[in-house]
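Going by the order they are written in, the chains are A, B, C and D; count residues from 1 in each one.
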Amino acid sequence: MISFESDYNNGCHEAILKRLFETNDERATGYGLDDYCASAKVKIRQACGKPDADVFFLVGGTQTNATVIDAMLKSYQGVLTVETGHINVHESGAIEFGGHKVLTLPSHDGKMDAGELDQWLHDFYADPTYDHMVFPGIVYITFATEMGTIYSLAELQTISDVCKSYELPLFIDGARLGYGLMAEGCDVTLPQLADLCDVFYLGGSKCGAYCGEAVVFTKHNAPAHFFTIIKQHGALLAKGRLLGIQFDTLMHDGLYFKIARHAVELAIRLRDAFIAKGYKMYSNSPTNQQFVLLDKTTIARLEKDFVFEQWFPVGDLMNCRFVTSWATSPDDVDALIAAL
Amino acid sequence: MISFESDYNNGCHEAILKRLFETNDERATGYGLDDYCASAKVKIRQACGKPDADVFFLVGGTQTNATVIDAMLKSYQGVLTVETGHINVHESGAIEFGGHKVLTLPSHDGKMDAGELDQWLHDFYADPTYDHMVFPGIVYITFATEMGTIYSLAELQTISDVCKSYELPLFIDGARLGYGLMAEGCDVTLPQLADLCDVFYLGGSKCGAYCGEAVVFTKHNAPAHFFTIIKQHGALLAKGRLLGIQFDTLMHDGLYFKIARHAVELAIRLRDAFIAKGYKMYSNSPTNQQFVLLDKTTIARLEKDFVFEQWFPVGDLMNCRFVTSWATSPDDVDALIAAL
Amino acid sequence: MISFESDYNNGCHEAILKRLFETNDERATGYGLDDYCASAKVKIRQACGKPDADVFFLVGGTQTNATVIDAMLKSYQGVLTVETGHINVHESGAIEFGGHKVLTLPSHDGKMDAGELDQWLHDFYADPTYDHMVFPGIVYITFATEMGTIYSLAELQTISDVCKSYELPLFIDGARLGYGLMAEGCDVTLPQLADLCDVFYLGGSKCGAYCGEAVVFTKHNAPAHFFTIIKQHGALLAKGRLLGIQFDTLMHDGLYFKIARHAVELAIRLRDAFIAKGYKMYSNSPTNQQFVLLDKTTIARLEKDFVFEQWFPVGDLMNCRFVTSWATSPDDVDALIAAL
Amino acid sequence: MISFESDYNNGCHEAILKRLFETNDERATGYGLDDYCASAKVKIRQACGKPDADVFFLVGGTQTNATVIDAMLKSYQGVLTVETGHINVHESGAIEFGGHKVLTLPSHDGKMDAGELDQWLHDFYADPTYDHMVFPGIVYITFATEMGTIYSLAELQTISDVCKSYELPLFIDGARLGYGLMAEGCDVTLPQLADLCDVFYLGGSKCGAYCGEAVVFTKHNAPAHFFTIIKQHGALLAKGRLLGIQFDTLMHDGLYFKIARHAVELAIRLRDAFIAKGYKMYSNSPTNQQFVLLDKTTIARLEKDFVFEQWFPVGDLMNCRFVTSWATSPDDVDALIAAL
């Protein structure tokens, strides 16, 4: 069986494993105060062009979203996202567990529309009863989105402008940031993205690490005592070095981006093959997640040799997801293409 | 420098690292639904003598305590612990973040006294205003305790009996369970401990793993949808295999206990040397954490070559903690003894 | 100025005030354990035809919704409502403050459609990733709704049936229950409503009392220690007699329903006048809240003598709300009609 | 039966009832935006000597404590109180429900010792692991305390100084503020108290009102959007005029203090009689709550004609509470004294 099930079903990139081996016998202080974390932070700040950024390492995505959002909101505020936003759907209410409402806007292939955001904010403050409602306190978008799509630089700039005009911080969930920045046609660089938001994270779990998300407060604007807030959320790893070593390796010599580009290239090759063979794509994704509409017969045939997820029915067809990663080989893709 | 700073400042046991290497290229379903987790669960159930136990893998201790306690309490209930309990001191309010009060009893070298627990519960229900107060909903103890001490089988039995008579579940924080069960003079076996409590965990992070805690609901009594509760708490690892592989390795052929015994033996050798050289121990610990009272001169001298924590002053002396682990070598201990 | 601003801008019904006077010097135990509360509970149970119902008195609506919903949900569950539901809009995130997500369905003039509810529940459990999502735990509807509409007995029956088939409790927010049950064309009786739901409340604040909502768990199914949960939510009134006296008066000899019918009759007279004079109603409300579309000139003219709320623009017109209550006089309505 | 059970078992002061009568037919905007609330706020600011103070009306004490403390704390902070503090004992975990830990100091007849507070704060920041703990975020004291005791001006000044030196706001729970300020030997004035703290409340429920607590942020320092926070906590009364009218009446011409002084004088007369007849007082209370140690025979005898609470046993005796209020008559006290 060849798996296109997800980008988190392999172990970790071999460079990380090698590094874990080399460092295993060294002793390091716990809780992220070790030299590996320090080194990884320097590399991340450099890659972002933000020498003053505050960087923290957390373990997983839901945890990171909940901790960052809770830390940045006041009790009477909620988080604005599109309806398909990960925090609104697949995090089991982690945001609400922290006491905050998820406020929703329409999703456009997973993306937020800056104009709709602006209108929502205008309408909110125009409503005479707004102080009986949940105030918007932060804007959350994903890059790449849950649908595999990305924002253009112009789109990101406009969303950022709207946020600024309402003094709302912009938070970018980068669980798949590598695949987003390396996407076909992406015109956003990491420093530009860091410029346009107040906090984002470089996702490790889905981009080559065993686990780990690197949160970057781009304007030296981490909430006071964020370390303690991480601990309170159960998100502080005792052996923080595990995260430091992984990110230090991924950020070394652009490995993070290299492996993401590899995955994207294979995904695009796959997408083009789908299209060439007459399949209809559910969305136009330039990243490592491809959504294609398949009929039952095709699904049954492909399932014999390939693993992939069936998301939801679209008419008589099923929207199926095929995901590549750093670990996907050209042979994997060739085999699938041959089977189409 | 030789470190006795903590039991979480090395990487992981070499057998785990080897296994991570061997399995790295295999593809596995996420979220703990993989074969490694399945295999580890079987071994844990066997070791506990509880073929029906519900087993889950979480990442760290604070997270595990908060998730389990929140899942088992009703909204109007709190958790009973001794004042020195980890949940009451060093978890940054993670229990209260989930909405629950930590109710405290006196600590006796880190241990709860069954008689005091019984009296507290009696007094609570005797108070005519008790329905204006926080109800006790679960009893939390640590094994080994934060002070390095352990409960005897008789003590554990009595606490368990009190809990049963008030229909309160008993939860044992086993962040250092290996060191507790392998402690000098311990008369408790893992199956006995599993019998006497409703839920406990086998700590991995401090006992040889890079991360991971294995929660065991001993009576097939996991709260409904505990998987979702884990996710809501941000405690569900995408690459759950990382935890499965580690516990499958640790539980293979008793490795978990072997490495704990190794650490305890070195700690006892160290303790005996402290005593032989005339130092006064702060507590009588039979486990891998030793607490000794040192004066400033001695501390200054030892700090040149050894890393250890200074906890708090006791009169003119300082209560210092020396911790051994699976990674501590006899040479480390010999060097320290020579320096005393 | 004649006010149609709301049904909570007068004091309380004179019968209540008289009763407060008569009882003022009597001494009564606090926290709702007094004889007035006991008497009011008996009358409420009788009116509902539920001699075993559990009855509690809380102070206000948001508080009641938050307390009841939080008490009836498990931590991983959310509450299902229509988008216009009070808990989703005008309660400042009180539900989320308690840790629960508000899950939304489309609103049809403020009402939930049983078919859509059934479909939502079917789709939820059909989604293979549902255990990463927030589980539905209770269904919340309002009677009358925020739009002034009501459910027919058949509609209520169908919603109740769907809830039963998914083992979900049905909670009816009755902040305006009197106006709902006395609405033009209402074919639901209080005992029928009590039969069809698991918990509801008789709203006092908007139906003649100074404050107070009477929560009725219709099947003797109050959550364990609901008294303590009320206290925890800050919703337990020290001088609970204030609530007991009010409800004992309102439930005496059908006063609650008489004054509601009075308000509805005046509202209907007003609505018919609007229509007769050619205005367009925003919704077809048979209750004490009337929504009519007015242009700016008309608004400016009416505002000189009348108080009413402007809700939101509909095209060039404004959706305006006119509310009657027990305190509205026929003269008030005649004056407004004359001014149209 | 003559009741000394509590200071909340009568209705409300007759002047309030009269005022409710007079104003009942007037129409007023909801949610505390009416003229009565406005007038009451002016009078409260004047009484405090704080023309810029922010004043809000909430319904009850537990609700007020939870709302104020939650609004003033950051998520990683807790509230410091003595062990007997109301928030630590008799509020069913309302503070923890909001996500915050209650941090405790020893109680000295219900009072906090400034030196112990200072030492606690010193020790907290001296602990190298403090960022794994719950940070102190506000200091909470009660005036009068749960034991009927009061702070001297000097004591209050010292506590205030310690708070300032650690930049911690000081919050005074004034559920029984009237009785405290009018206590025998009290050398604190309301303006002095307002000077020395950051927020306090004038309790209405126990001092003559039917319900209501007036929160005063003494330095124009109400948290942003405190109105919305009140709503979120379910503490916003729709008919806010009920609170405004009550406080406007109580603050008119010093009524609040007159009726408190009346209660205190009767309590002192009672206390002196207890002492003269050889009974032993549990605490030396100069306020309206008297605690006396009685044997079973005496209790049985007194219970035939008088209502009072038995708190807890002290040796063979029982600590019994006798409470006076604005509604207690000299005849009530004389009758009890005669029966001693």
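Points to keep in mind about this one:
In the analysis below, a residue touches a chain if its C-beta (ideal position, glycine included) is under 8 Å from a C-beta of that chain, and two chains touch if they have at least 3 such contacts.
In this text, all values refer to a predicted model and were calculated from it rather than measured experimentally.
Farthest from subunit D, judged by the mean position of CA atoms in each chain, is A. Remark: among chain pairs C-D and A-D, C-D carries the greater number of C-beta contacts.
Distance from the subunit A centre to the subunit D centre is 50 Å, each centre being the mean of its Cα atoms. Note on chain placement: the centre of subunit B and the centre of subunit D lie 42 Å apart, centres being C-alpha means. With centres set at the average Cα position, the gap from subunit C to subunit D is 33 Å.
For subunit A, residues touching at least two other chains, in rising order: 75-76, 91-93, 97, 99, 131-133, 228-229, 231-232.
Note for the complex: subunit A touches subunit C at residues 75-76, 78, 89-93, 96-97, 99-102, 127-129, 131-134, 309-310, 312.
Residue ranges on subunit D touching subunit A, taken from their complex, read 70-71, 74-76, 99, 131-133, 135, 224-225, 227-229, 231-232. By the touch criterion given at the top, residues 3, 5-6, 8-12, 14, 17, 20-21, 23-30, 59-64, 66-67, 91-94, 97-98, 205-206, 210-211, 228-229, 231-239, 241-242, 307, 327 of subunit B touch subunit A in their complex.
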